[in-house]
Structures are given as structure tokens and as C-alpha cells.
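Sharing a structure here in C-alpha cells format.
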Amino acid sequence: METIAIPAINLAAIMPEVILSVVAMVLLLVNVFVPSENKGYLAYLSIIGLAITAASTVSGWGAPQIGFGGAVMEDNFAIFFKVVLLFAAGLAILISDRYMSQEGCNSGEFYPLMLFATVGMMFMASGTDMMVIFLGLELLSICLYVLAGYNRDSVKSNEAGLKYFLLGAFSTGFLLYGMCLTYGATGSTKLAAIANYAIQNQAVASNPFFVIGMLLIAVGFSFKVAAAPFHMWTPDVYQGAPTPVTAFMSAGPKAAAFAAFLRTMIFAFPMLKGNWTELLWVLAVLTMTVGNVIALSQDNVKRMLAYSSIAHAGYALVGFTACNAEGAAGILFYMLSYTFMNIGAFAVVVLIGKKGEKNGNVQDLAGLGFKRPLLAVLLSVFLFSLAGIPPTAGFIGKFYLFSAAIKSGYIGLAIIGVLNSAASVYYYLRVMVYMYFKEPQEDYEWAGVTPAVALCLVIALVSTLVLGVVPGTVLELAQKAVQF
Amino acid sequence: MFEYVWLIPLFPLIGVVINGLFGKKIKNEAVIGGIATLAVVGSFVVACGILFQLLSLPGEERHFVKTVFTWIQCGPFKADMAFLIDPLSALMLMVVTGVGSLIHLYSIGYMHGEEGFYRYFTYLNLFTFSMLLLVSGANMLVMFIGWEGVGLCSYLLIGYYFHKKSAGDAGKKAFVMNRVGDFGFLLGLFTLFYYMGVNHNVWTVDFTELAKHADLIPVGGVTTVVCLCFFLGATGKSAQIPLYTWLPDAMEGPTPVSALIHAATMVTAGVYMITRMNYVYIKSPTALLVVACVGAATALFAATIGTAQNDIKRVLAYSTVSQLGYMFLALGCGAFGAGVFHLMTHAFFKACLFLGSGSVIHAMHHALHAEHSSADPQDMRNMGGLRKKMPITFLTFLIATIAIAGIPGFAGFFSKDEILWQAYANPFHGPVNFVLWAVGATAAGLTAFYMFRLVFMTFFGETRLSEKAWHHLHESPIVITLPLMVLAALSALGGWIGVPKVLGEALGGLPNMYEHYMEPVLAYSTEYMHTAGLHGLHSEAAEWGLMGVSVLIACCGIAVAAALYVVKPTIPAAFTSTFPALHRAVYNKWYVDEIYDFLFVNPCKALGQFLWKGFDVVVVDGIVNGVAAVFRGFSGILRHVQTGFVHNYAYSMVLGVVVIVACYLFR
Amino acid sequence: MLALNNYLIVSAILFSIGCIGVLTKRNAIVIFMCVELMLNAVNLSFIAFSRYLGNLDGQIFVFFVMTVAAAEAAVGLALMIAFYKNRESIDVEDINVMKL
Amino acid sequence: MSQLPLLSILTFLPLIGAILLLFMPKNSHGAIRGLALAVSAVTFVASIPLITGFNPTGGFQFVENVPWIAAGPFQMSYHLGMDGISLWLIILTTFIMPIAILSTWTAVEEKVKEYMICLLLLEVGMIGSFVALDLFLFYIYWEVMLIPMYFIIGIWGGKNRIYAAVKFFIYTMVGSLLMLVALIALYFKAGAGDFSILRFYELNLDPVTQTWMFLAFALAFAIKVPMFPLHTWLPDAHTEAPTAGSVILAAVLLKMGTYGYVRFAIPLFPDAQAKFMPLIATLSVIGIVYASLVAMVQQDVKKLVAYSSVAHLGFVMMGIFALNQQGVAGGMLQMLNHGVSTGALFLIVGFIYERRHTRMISDFGGLAKQMPIFATIFMIVTFSSIGLPGTNGFVGEFLVLLGAFESSMRPWAIIATSGVILSAVYMLWMFQRVMFGELSNPKNQNLKDLNAREIAIMIPLVVLIFVMGVYPRPFLDTMAPSIDNMIAQAKKKQAVAMNVPAGMINPHAGIPGAPPITMPAPAGEAAPAAQAAPAVPTAANPHAGIPGAPPIEAPAAAPENK
Amino acid sequence: MESIFFIVVAAVAVISSLLVITCKNPINSALSLVMTFFCLATFYVMLDAPFLAVTQVIVYAGAIMVLIIFVIMLLNIRTETAKRSSHAVFAGSALGIFVLFQTCLFLMRGGMTGAPGPLDHAAIVKAGHVELIGKALFTDFLLPFEITSILLLAAIVGAVILAKKKI
């Protein structure tokens, strides 16, 4: 029997994922022994797990680790994104218990699933092999299908899960086809190998297999980041999914998809930069416009935030199109700030929601500003941040993204971006119009704030403001993260 | 004394502050009126001192500038708060403070018991202050403060009875018309300032500076523009065609106000201003012709209207417009001195006339009030025979009327005769001269006619009042009659300081003191005319002849008036019924107000309405809201793409893929 | 050995048929089957490439795709069952509570 | 930097006040109002040292410069400073705030705490915008101002408040976001460094770049000013806003736009300024005439005043674009005047609104009889707004028109001068209809005259109206060096673009031989000085006085910017 | 010989896959799909990938399709109750055919340009397919393999949660 040479595994490169997976599995076991009224403990356990994972992640800063023969790379880029993802998961989990117990579906499997999804996302962030990225994406997707449909008794939740599942699987087909063609054109699934091969063989770059492979991969990721015209699942799924899941979906998977998208395009297809920037230009314009324009006429807050989330993907794509250090760093920073401001906004939505998501409409917010002033102020801050008004994180993020576009000469794109941003103000303001300028129609059944949600809100608020006023450190980290 | 020139405007200002802030608390009319009057008298005293000091100096030294502080300084532009003393401003100071004092005194009696007594005197003092600033300002900017200030006070005083809509309207009309003039004033100022600065590096609005560099002012061209712009200002302030219509309406104000502002002082500001800038005007024959023609036309036009008015104050108002026309005629003929001379004499007799009419109205008001009659106390058709009840008023009124009619020996004769002679003899307008003279002479005849018509209708014949009212009618108190008497005396005698040369020689070498007095002010113009070879007609015969003709015309006017209103009072009625259209036109002031309404006011309002409702709301805002609506509409449409059907979503995805791939494949 | 393109074209045909199925069928399960068909079409391409390239990566990829397909099938069918419990239907035209 | 960071203190004092207010009990209205008033008053007092310590040299003073964000290519600094241009605007802001707060003493009865917080936050944004020398920082303050104003209009506004608030917000937002794009582009043009305006001043941009950037900046500022045809948000915002909101909006917020032109758009892009001068002049003139005509037929007093703002700011714009000492100084002064006069007008409207809950002109008439003090103050303010000499309005308007007349926008200046007629028409007509006539409406017959608080609010404004009208020199003299700098800055670059020898450039608005502005010369000396020093370029070119401005007699042959 | 066999199998695969989308009864569709899978397994064998062919049959035809059929039976779905409107079908088909057209187009234009590896028919036969795959899975592709395990775990948990009676 010949010996099998196992290549260097380098567990350090996947340590965070390992830790989180273990935590998730332990939670699965613990869940069995936790009575159903105390499932909230699992949330705290998850948070502890996430914190440990985060610590492990951060400890790797500045020391890139390559593992499994180049299948994963734990570099600053991955670490930054992982921190974003862990924040997304953590904040979403913090608001989950409140929502789940209200909706009566607080089975403990929710938390392991969230963590598994996070593991998938983390693999997307650090994967440098298309297989790893694909599997990370699928791990994430499968968990999300379940999470979206988690509230089995709710038709909307079912529908969200099913829609997401059908369309997600469909898009997987295209992604896979793209990977297949790329593999055919270069003979490898490793990003670095693809790029090296294409650079060495000029014929590859002009091979339609290679280009179309890239385009289809881009389509696959566009679906995940909800870029038009692959965005259409987003509003329905976001609206139907349980609110914490929506919060999570709008921040985490988007960030993970951007991580993988960026990594793939920059690592594997530098030769085709012209092609994909062109594509992304169009996608960015379409995405911003469609998201913002349709959001104008939405009444349901969750749905409005879903469209806004599409628009925000568009802004991020602006930075992507620019394809320079500022753009990439801008996306990193934006994803981080978006995580805080968007989950913050959803946290407020969770707090004001009634069972069965009865009052999810903007009209139901009437008079909130003076009934629950603190809550309204929080929501206002998050919405102003989403609208990109200083001094909030959203403004700095947008500033960076648009700067990147301008630096690369995409002034037209930047102008379309800012005009969209201006249009978006309308629907964010609309919420405030109802909160502050209208009289309440009826009294709220106020269920109160749980400590977990309060913690989430505090973290989100502080981060939104801090990133808006003194963003220097984080921006610098983002800049370092994109020095490949 | 010159150093204290700033006291002159300061006194009335103090009066304003005291009465304005504390008048309501003081309540005592005597105190309020006393303070106000004393303030002006104080100014008068200072003015007298200045005049005497001025007279004690030799001609070429009669010029002094007192700078108080620098008001505006910005880049090359500099305007000091400074006062100029020269014969012209000294004369004007005398007129303003002198007549002003009398009218203040008169007002104490006339305004007795009026609500807002303190307000009246505040305004009146404010007016005096502004007018003094106007006539003593050493540069155009200070003059402009006064210029606008008097406009403001005019507005306030016309609108004194603000509860009457007509009063408010009249005030507003006066102010706006004045503003039209100011528009011209400012443009003229800008043009002159800019031209002199950019071409000759003389960045100044100072009269002294400008006069020093008067040689640099070109003949014609830009000077004409400047002059016409300033003249527009003058037409506004001095109620000349085309901006005269506010003055008759201004009679809504209390009568002393009419006397002070709308007869003696403010309306003459234009004359003063042009005289002040005579060295500019002399350089532009075109502008002079325009001034002369406008003046002559106004003189005649207003006189025609004056013949058909029944309101005693309106007649006087049109008379004022007409007399101002005379002054401008003089200015337009290069006879700046004559213009100012008429300004002075006019101030005397017209103030006297207005105050006299005020006295009549005062009396009529009380008489009618006693009877609880709602008849108009100002309508001459309600009067008649008043000379019996109001002898002092009648006598003073008669003297002033004779003066205005131009009967030799009285003030008006000297000044008017000088103007007519200059119109005929000036070297500027060639053949037009005769027309100017003829128009002027006709207007003089009309003046005599309507003034005597006024006297006859008011003081002669039988009274048209009821018995009871007649019984209550009596002469005005001393505070009212005293100013009348002083002014009547001045009307009678004031002209003798400027006896025409021919007449003076004939009368045994009476000197023309006035002409000599004004020489320093007009030195440049005279010099310029001399060097430019502009010499007027010199013919003693012609001068005598014209003098005779004008006296004759005046006498004819009086005779006609006597014939129509004393001897055969039925003729006017018959005339009216024979030419109803003509009468109606004249009575309605040739429909000028209506024409203005039609041409400017209504179109402006309509345009405003249109711009607001039609343009601002529909177009400009429409576009703004339209963009929003388009977005919302687009949103409303686009959201229907989101059908909720998985198929459509998948379709959109595949379509996206196909398009992307096609773009690559088929480029 | 046959030309590579033979396999690729068959794969393309199957992929397109799967695509048409997703776009035209109403039954969610059938749609899912069509998605599976698409994945299999890709798998065929992968294996063909792998064989013709002479490296195993493609085949390994197919191995994982199969795993993923299985996992998706489990979750997807569970979702359909849950949906069916609520709506008594798995017709995708009925999946439209949320729209616009 | 050893001195006290006065500008920071000024900026953040109101913020501290707002934070303190947060902890006040909701219902103790008196205490809340008192605290807000005290904070704003303290801020005003704290701003006095700016005047006393001001050194009229034209440079930036009270400078604070601390690195703030440094990431990637960007360096933002917390860079504050002020010069003669911003000095009086800061003072105006701190001066108006206590008045605005005092004016709402009884007008706002609900949500007092929130209202005061909004007002104080607004002050933070306003002062910050005026003192920021870092463009990025400026932009942040610029945007921050929007939020409290939005709430002020939206929560405490009139019937149509939501529409007005949203319109205000989005309108301003569109412009400022485009400015942001230009700002970033400018930064990249400038190369590595920070966002300091001083650094950008040194740039020499090519004309095409200037054109686009100017358009972006100009749009943002034009919306804020507001210039025709971007003005329609203003009448709505003004009409709906509560009194204090209107006052601040008119007195300070609109000045942001004009200030932006003076500080940023013109000195940064002088070629574009020259190029767009006709357009801006045309729009300003249209604004003046158009707004006046529209104001004339308004039925709502507040709307009328709002439209009058548009007209007044048209004058300001003309002055600024004349780009000479008189024009710019006049424009700056007119900004202050407008702040005082129009602020006062809005307060006045507020007074009667508080009494009668209507602003329709037709509901009033004859108020002068019932409210004599009110009538007097109203009249003074009205005439100040009309620009009567002796009041503040005149000096600014006069200098603006003079400056415009001296520049190449002479034809426009002539039309603009007609604004003096129109302003009289609409203001007096309104005044007459409100104050004069019979006191016919029975509801007006029991109106109370102004109380002590209201008089106390108005007195400072009335005093200022006269002070600025009679003795504007402190204002003009402190501004002059900075304005000279600004003009020299712009002209130098224009001259470089036109290849004019640098020797021709004279900081004193190109008036050769004019005495230095800061040296007050008695009347007698100024004239000889002007004559005694015929500068060399004058001999060579008699028209050098005002570059680009042709002499009157040869308008066609002018060396316009080619 | 090989090409004839290929054509036959390909034809069966295509026809059976067409049946998948044309059959009204889902059961028929499912059975047709199983047929297609078998054809694909045949191709895999032709491509020297016997292990994958076996897996294809076991996993796809065996496990997944059985599950699908089980669900169809469980939910008692007989035929499509209502057909898609014809224009929707037409549009979908047209788009699908265009996809095919495009795919063929670039398949014609492009080609496999990847680096040729060491494995030819002989090498595979010599080393054994299963060995090769196994070795690769546990060396080079260890990480993806491990991820699959998590993925399956997550899928199991998810499926259980969604399908079990009471949470």
C-alpha cells in the first residue's frame, strides 16, 4: 500500500470556522436539554461562541494563513469580512429570541442553523478554491432556505423559503455552469491557478469559455448580492422571512457574497477586468435605480428595507466597478456599516412588531416618535445612516464608494449613484414622516425590550455613530485588508 | 458757524426721537407741538447764522464742506456723512426751516384734537430732518438719504388718516412713483460714478469733487444718459410728466402737510437736485431740451386740469404741478438760478395758499360738523362768500393768488417773468424757444384763471352753506393766521430780491441781489456757456415786450375768471353742457390715472398673478413635483414587475443572463 | 474517443431543457426536478472536461454537486411539504402572497 | 493653537445644551425654554471675542487644525477658521438664535423639549458650516443642518408641513450630493493632501474641469440660496415652518448658499465664474423681478415675505458675481441685512399669527389702530426690507448695484435696479392692506399690542437695522481685506487663464491707486491720494480699472474673457 | 461504434428530459428524469468515470428521485391542475431555446484551453477510478469534503425542523 501524501492542512487557516462549527454542533446537543421556554439561553451561548470565533479570527490579523493546498486563505480581507459576518450573525441572533418567542416558533435549532450559515459565509470569505466557495455558498443557502421558511405556520414564511429555494437552486445552476466553463478553459478550480494560467496563456483570455464562465459566475454572485435583474427574489423573501432572519440575510449573506465575488473577480479574473467592470457598471446602475425607485412606493417596512437593501447592493457595486483599493475598501467598510445600520433598523422593526407581523406597515408607525421617543430616534438614526446623511456610518461608506468611482473616472456612475441616493431619501424620510409628523391611530401593545435586543440596538447605534464620526481606524483596517 | 451745520438736521431728529418714543406718554399737545416747532425753529436759527456768515464771505469762498463721519467706504467708493454749505444749500435751508417753522406752528392749531397728534409731529419733524439732509448733503448718497427720507415721510403723512383706504392708496402711490424716480436717480449715479471713475480715475459721488472735475464731463453722449436718468428721478419727486399723478392724490394728507411737503419743499427737491448738478446738465443740450419740454408740457397740462377741479386742495395741487413745470422749464433753459428763484417764491405763495385753504377747510369742517352735514368741507361748490367771515384768511389768500398769477410787484411776477424770458431768450433750443415761451405764457394765463376761479368760488358771491353752518363759520385762531400773514408778506415782497435787470434799472438801479448771490453755484455753467459761445438773446425791447404780454395774459385770465364766476356764473354750466366730453376729460384729469392703471398697474398685477398661479405653481413647481410624481409613478409601474410569481423572477434572471452573454457574443 | 463538444452540446441541450422547464412548469416539485436536470447537465460538462483535460478536479466537483443536490432535495422537499400543509398546493402560481 | 479653541467651543456649546436638554423632565416647559435660551445666549456671548479679537488682515484666524480621518488616499482634518467673510455670518447666527428661541416662548406649546433640541442642533450645523475650512467637514455640517430643520418644519409646521419638509430636504439633498461628487473629484485633482480649502485655492484647474465642478457646486448653492428657478421649496418651507424655523431659515440657512459661492464656488473656479456670470446674472435678475411680481399678488403674508427673500438674495448673488470690492462687500452686507430684516419680518408675521392664527392678508386691515407699537416696528422693518437709505437694506443693495454696474454685468444691473421699485410695491401694498384701512374684521378688534417679551425680541433687530444703515463701516472694514483676498484669488487665476501679466493684478478690486481700504482716510485726503498715484498700468490701459468691464462708451471692444 | 452508441444514448437522454417538461403527471416527469439520469450515468462510464456513474445512479436515481417521488405521492399530486397559459409557455420555451442557441454558439467559438493533465484512459484504468477519487478527496480536497459534512448536517437539521410535526 503506497503512502498517501497529505498536503499541508494548516488548521490555523480554518480555525474560526472549526470553532464555530463545533459550537453549532454543541448547541444542537445542548438544545435537546433546554426546555422550550428557555431557548433564549441558546442565543447567549451562540453569542459566546461567536465571540470566541471572532477573537480567534481577529488574532490572525496581519498574518495570512494559506491552508489545504491553497483552498482557503485566511488573509486580512477574509478576516475583515468574517468580522462583519460574525457581527451580522451576532446582532441577528440577539433580536431572534424576542421575535421567535413572540411568533411561537422558538425551537432551539434556529441558532445552530444561524451558526452553520455563518460558517458557510466564512468559507465564502476565505475560500480561494471555487469548490470551497461553492460549498460555502450552498451551506449558507441551505441554512437560509430553512431559516427563511422557519416559521412553518406562517404562509409568508413558507412562501419565502420556497421561493428562495427554487430561485436559489436555479441560480446555482448558472453559477455552476460558469465554474464549469472556467474549469474547462483553465483546467483548475483554484482562483490563483486560474489567474496564473490565464496570464501565461494569452489564448485563454480570449476564449469564450473563459469569459462566459466569468460572466455566469458573476451572475451567480449577483443573485446572492441581489443585483438587478437577479434581485427579484429579494423583496418577497425578505418580507416573508422571520424578521431576524431578514436582518441577517440582508447583511451577512450579502457581505459574504461580496467577499466571494470580489475575491473571485480580483483573484481569478484580473485579465478580464475590462469585461467585468463593464458588466458591473450596468448592474450597479440598474440595481440602484430599480431598488430605489420601487422602494418609493412601498408601504410595508420590511419590504421597503428589502428594496433599500437592493439599492445598497447597487452602491457597493459602484465601488466594485471602480475596481481600485478605495472601492474594495469602501465595500468592506460599507458592508460593516450596513450590517450595523440595517440590523439596527430591523431590530426596531422587531420591537414594534406584533404577533404575525401584523403592523409591518409604515402607517402603523404613526406617532411613534412621541410614544416611544427612544425607539423612534434609534430608527431615525439608522434610516439617516441608510440614506447616507452625515455624521453616520452610511455617509462615510457611500463617500468612499463614490470616491472610488470618481477616482477611476466613473463620474457618470457616481452621479447616478448620488441622484439615487437623493431619491432614496424620500422613502427613508417617509418613515420619519409617519413617526414624527402624524398622529398615532391607536395605542401600541408594547411588549417591551429584552436585554438582548437592547444590547443589539446599543451596539448598532454606537457603531453607526462611531463609524460615522471617527471612521479613520476602521477605514485604515479596510485599506489594509484589501492589500492583497 | 459753518462747523455747526450738522445741528440743523440734528434738531428735528431730536424732535423725532422725543416725540416718537415718548409722544404717546406726553399727551399734552402743547408740549408735543412745542418741541417739534422749537426743533425746527432751532434749525432755522442755525440756518440764519450760516446764511449770514456766508454772506459775509466773498463770493468764491462761499463753499464749505463739513464731514461728520465716513458712512460707507468700500473699494474706491466712499461716501461721507458730510454737509455742504454754499449759497444754494443755504437758501434751501432757509426756505425749508423758515417755511417749515411756520407750518409747524400752524399745525399746532390745525391738528388740534386729532388722534395721533404726536405721530403727526414725529413725522413732520422726520420730514424736516430728511429735507434738510437732502438740501445740505455734500454728496449724492447723503442727498439720497434725504431724497428717500422725504419720500418716506410723504408716504407716512399722506397716509396719516390710515383708516381711510384712499389715504393709504395715495401714500403708496406717492412712494412707488417716487421709487420709479429713484430708479432713475440710482442709474444716473451709477453711470456717472462709473464713467468718471473708469475713464478719468475720479471715483466719487461728492458734489465738490465732481464740480472740481467738471471739465472731464463730456458734452452729450453719456452725459445725456446721466442727465436723463437723474431727471427721471426729478420727475418722480417733483411730480412732472409722466410721474405727476401721485401729487393730486397726496392731498389726502392733512393740509399743512400739503403745504409743507407737496408745495413748498419736497416737490422742489428735483429742481434743487438739477441745480446742484448744473455743471452736468449744461453739458447736455439734449437733456436740457427734454427737461424744458417736460417742464413746459407739465405746466400747461396740469393747468388745464386745474381749471375744472372743484376740490379746493386739488386745484392747488394741480397748480403746484404746473408751477413745478415752470421751474423745470427754467432749468431746461439753462436758467438754473431762475428755477430756484421760482422755487423760493413758489414756496412762499403756495404755502400761503395751502395754509389758507387749510384755514378755510378747518372752518368749513367745524361749520359742517356743527350741522352734522356730511358735505365735503373741501368742495368749493359748498363755499362762497367766505370773505365776510374769514377776513384774514381771505386777504392773505388773495395776496398769494395775485402773486401766483404774476401780477407785477408780487413775488410770482419776478420769478415767472424771468422764466418766460429765459425760455424765449436762452441759447440752447433755437426755434423751440418760442414754443416753450408760448406754452409757458398760456399756462400763466390758465394759472391766473383757475386761481381766481378758486378765489371767486370760495370767497365771493353768496354762501352756499345752510344758515346754521354759516352761523358756526368763523375765522381761524392766531396760530393759524399768523403763519398766513407772514407768508402773505413774503409772497408780496419776496420777489424783490431778484428784480430783473431791465426793470431794476428802470426803477432806479435796484440790484438783482439774487442773481449775484447764486453766482458761485452757477459759476462753472456760466463759464462754460461763455467759453462754448452759448449766448442768449439780449434785447431790452424784447424783454419789456414779453413782460407786457405775460402781464396781459395774466390779466385776461383774471378777467375771464371774474366774468365766468362772478358776473355770469351760469356760463360755466352752459359750457359744461355744451362740451360734456371735454369737461369730463378735464374733470377726470385726462384719465391719466386710468391709463396708468391700464398700462402698468393692472398688467403688473396680472403678470404677477400669472407668474404665480400660472408659472410658479404650474411650471416651476410643476416640474419639481412632476419629477417626484414621475418617480412615484414610475415606481408604481415598476413595482408591478414584481409579480410574486417565481416564473417571472426566473424569467428575469434568464433574460439577464441571455442579455449579458449576448452582449459579449454579439458585440 | 469522441470529440469533447459532443458531450458539451448534449449538456447544453439538457441545461436548456431544464431551463425551459423551470420557466414553464407550475408544479414546484417539477421545477425542482428541472433544476436537478440543469445541475446534471453541468455535471456532464464537468466530467467531460475533466476527462479531456486529464485531471480529476472536475469529477471531484461533480461529487460535491451531487452531495449538494441531495441536501437541497431534502431541504427543498421539506419546504414544499410545509408549504403544502398551509396552502394545500405546491403550484408556484399560488406562491404569490407577497408581491409588488 | 495656544489660545482657546474658540470656534470649537462655539460650535459645540449648543450641542452640549442639546444634550443637557435631553435630561430635562419633559413637562417643565419653562425650565427647558430657559435652558435653551441660556445656552444660545451664552453662545452669543462666547462669539463676541471673535469680533474683539478679530484682526482685519484678510487671513484666517482662530484656526484649529487637527488631523481627523486618514485612511487610504484620504486625509480629512478638523480644520476650523474664520475670516472677515465668515465673521459676521457667525455672529449673525449666534445673534439670531436667542431671538428665535425667545420668539417661540408661547408659540410652541407641544413637544417643547424636542423643539429646543432641534433648534440647538441646527445652530451646531450652522456655525460649523461657517467655520469649517475643511471641505469634507463643511459638507458634513452642511448636511447636518438639514435634519433638525426637517423636523422643525415637519413636526411644528402648518397644514402642509409634510410636503414642505420633504421637499425642503430632498431638494437640498439633490444639490448637495452633486456637490459631493464634485468635491471628491476636486480632491483627486488636487493630489495627495487633505481637504483644506486653502490647498484647493492654490489649484489651477483647466477650464473644462472648472466648468463641471462649478456647475455642481453652483447647483447645490443655488438651491440653498435659492435662485430662480430652484426657489419653489422656499415659499413652501417658509410658509409651513414655525416662526423660529422661518426666522432661522431666512436669516441663516439661505446664507449658506451665498456663503458657499463666496467661499468656495468662485475662488475655486474663477474661470467658470467668468463663464457663467451671464447665466447667474440673468437668473438673479429674473429672480429679482419675478419674485417681486409674484410676491406682489400673494395673499399669505408669510409667503410674500418668502418670495421677497428670493428677490433679496437675487441682489446678493448679483453682488457676489460682480466680483469687485463693492459688489462682494455689498452682497455680504446684504446677506446680513436680509438676515436681520427678513428675520424680523418673519417674527412679525409670527406675532400676528400667534394672535389670530391666520396669515391671510385679507383677514387683516387696520391693525395700526389697535397695535401702534407693532405698527411702528413693522413699518421700520418694512422700510428696511425695501432698502430705505438710513436703514441697513440700503447700504447693501446700493453697493451691490454699484458693484454690478461697475462689472461687466451692467445691463443686468440696470434691470435689477428696477427691483427697488418692485420691492416698494409689494411690501407697501402688503403693509397697507394689513395695517391700514378700517379695522373692519371684528376678530381684529381685540388684538393686543406687543408684550414686553415681543418688544424685547424686536428691539435688538430694530437697533441693528439703524446701526447697520447709518454706520456700516465696522462691517465693511472687517470684511474688506478678506474680500480683497478672495477677489485677488479669483482674478489672479482668471488672469493666468487669460495670460495677462501678473503685474496688472491689484488686490483692491483692480482699482489702481485707490487708497488701501483699511486705512480710513478723511474725505479731504482721499481724493488727492487718488489723483496723486496714477498707477502705471492705468497709463498703459485706461480700462485696467475693472478687468473684463468695458468702459461705457466702447461696450463692444471690451477684452472679455476669451 | 462509439459514436452510434453515443448518439443513441444522447437521443434517449434528450427525449426523456423533454418528457420531464412535457408530461402532465409529475410522476411521469420524475420517471423520465430517472431515465435521463441513467443516460448520464452511461455517459460517465464512457468518460472513464465509473465511480461517478455509480454514484449518479445511487444518489440521484436512487436517493433523490425516490425522495421526490415519495413526496409527490405523499402530497398526492396527480396532474397539473391548470396549465400555464400558452404564451407563458411559449415565452419560456423561446428564452430557453435562445439559451441553447447562445450556448451552442460559444461552444462552437471557444474550446477547451485548460492545461492537459496526466490522466488518460490508461492511467485511470491503471490506478483505478475509485482509488483516484478517494485519494483526491482525502488529500487535495479534504476541506471541501469536510464542508460537505457540515452541509449535510445542516440540511438534515433543516429538513427535520421543517417537516417534523411539532416544533
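Think of it as A, B, C, D and E in the order they're written, each chain with its own count starting at 1.
As a convention for this text, a contact is a pair of C-beta atoms (placed from the backbone, for glycine too) under 8 Å apart; a residue touches a chain by one contact, two chains touch by 3 or more.
These numbers were taken from a predicted model, which means no experiment stands behind them.
Colleague: Between chain A and chain D, which partner chains are common?
Modeller: Where chain A and chain D share a partner, that partner set is B.
Colleague: Hop distance check: chain D to chain E, minimum number of steps through touching chains?
Modeller: Contact-graph shortest path, chain D to chain E, evaluates to 2.
Colleague: Comparing centres built from CA atoms, which chain ends up most distant from chain E?
Modeller: Ranked by distance of C-alpha centres from chain E, the top chain is B.
Colleague: Counting C-beta pairs in contact, does A-E beat B-C or the other way around?
Modeller: Result of the comparison of A-E and B-C: A-E.
Colleague: Based on Cα centres, what is the most central chain?
Modeller: D
Colleague: Please report how many Å separate the Cα centroid of chain C from that of chain E, as a whole number.
Modeller: 7
Colleague: On a C-alpha centroid basis, what's the spacing between chain B and chain E, in Å?
Modeller: Averaging C-alpha atoms per chain gives centres 103 Å apart.
Colleague: With chain centres taken as the means of their Cα atoms, state the distance from chain C to chain D in Å.
Modeller: Spacing between the chain centres: roughly 66 Å.
Colleague: Where the CA atoms of chain A average out and where those of chain C average out, how many Å apart are those spots?
Modeller: 25
Colleague: Among the residues of chain B, which ones contact at least 2 other chains?
Modeller: 628, 639, 642, 644, 646-647, 650-651, 654-655, 657, 661, 665
Colleague: Mind pulling the chain E residues that touch 2 or more other chains?
Modeller: Residues 84, 88, 91-92, 95-96, 99, 106, 109, 112, 114-117, 140-141, 144, 148, 151, 154-155, 158-162 of chain E touch two or more partner chains.
Colleague: When you check chain C against every other chain, which residues touch at least two of them?
Modeller: Expected reply: 15, 18-19, 22-24, 28, 31-32, 49-50, 53, 55, 60, 64, 68, 71-72, 75, 78-80, 82, 92-93, 95-99.
Colleague: Write out all the pairs of touching chains, ordered by chain label.
Modeller: Going through each pair of chains, those in contact are A-B, A-C, A-D, A-E, B-C, B-D, B-E, C-E.
Colleague: Okay, in this complex, where on chain E does chain C touch?
Modeller: 2-3, 6, 10, 13-14, 17-18, 20-21, 26, 29-30, 33, 36-37, 40, 43-44, 46-49, 52, 55-56, 59-60, 63-64, 67-68, 71-72, 74-75, 77, 80-84, 88-89, 91-93, 95-97, 99-100, 103-104, 107-108, 112, 114-121, 123, 132-133, 136-137, 140-141, 144-145, 148, 151-152, 154-156, 158-163
Colleague: Tell me, which parts of chain B touch chain D in their complex?
Modeller: Within the complex, chain B touches chain D at residues 20, 24, 65, 67, 69-78, 80-82, 141, 144-145, 147-149, 152, 155-156, 159, 162-165, 167-169, 171-172, 175-176, 179-180, 182-183, 186-187, 190-191, 193-195, 197-199, 201-204, 206, 209, 221-222, 604-605, 607-609, 611-612, 616, 620-621, 623-624, 628.
Colleague: Flag every residue of chain A that touches chain B in the complex, lowest number first.
Modeller: Per the stated touch rule, the residues are 163, 166-167, 170-171, 174, 208, 211-212, 215-216, 218-219, 222-223, 228-230, 232-233, 235-236, 275, 279, 290, 293-298, 423, 426.
Colleague: Please output the residues of chain D touching chain A within their complex, sorted ascending.
Modeller: 68-74, 111, 114, 139-140, 143-144, 146-147, 150-151, 154-155, 161-162, 165-166, 169-170, 173-174, 177-178, 180-181, 184-185, 187-188
Colleague: Along chain B, where are the residues that touch chain A in the complex?
Modeller: Against chain A, chain B makes touches at 628, 631-632, 634-636, 638-639, 641-642, 644, 646, 648-650, 652-653, 655-657, 660-661, 664-665.
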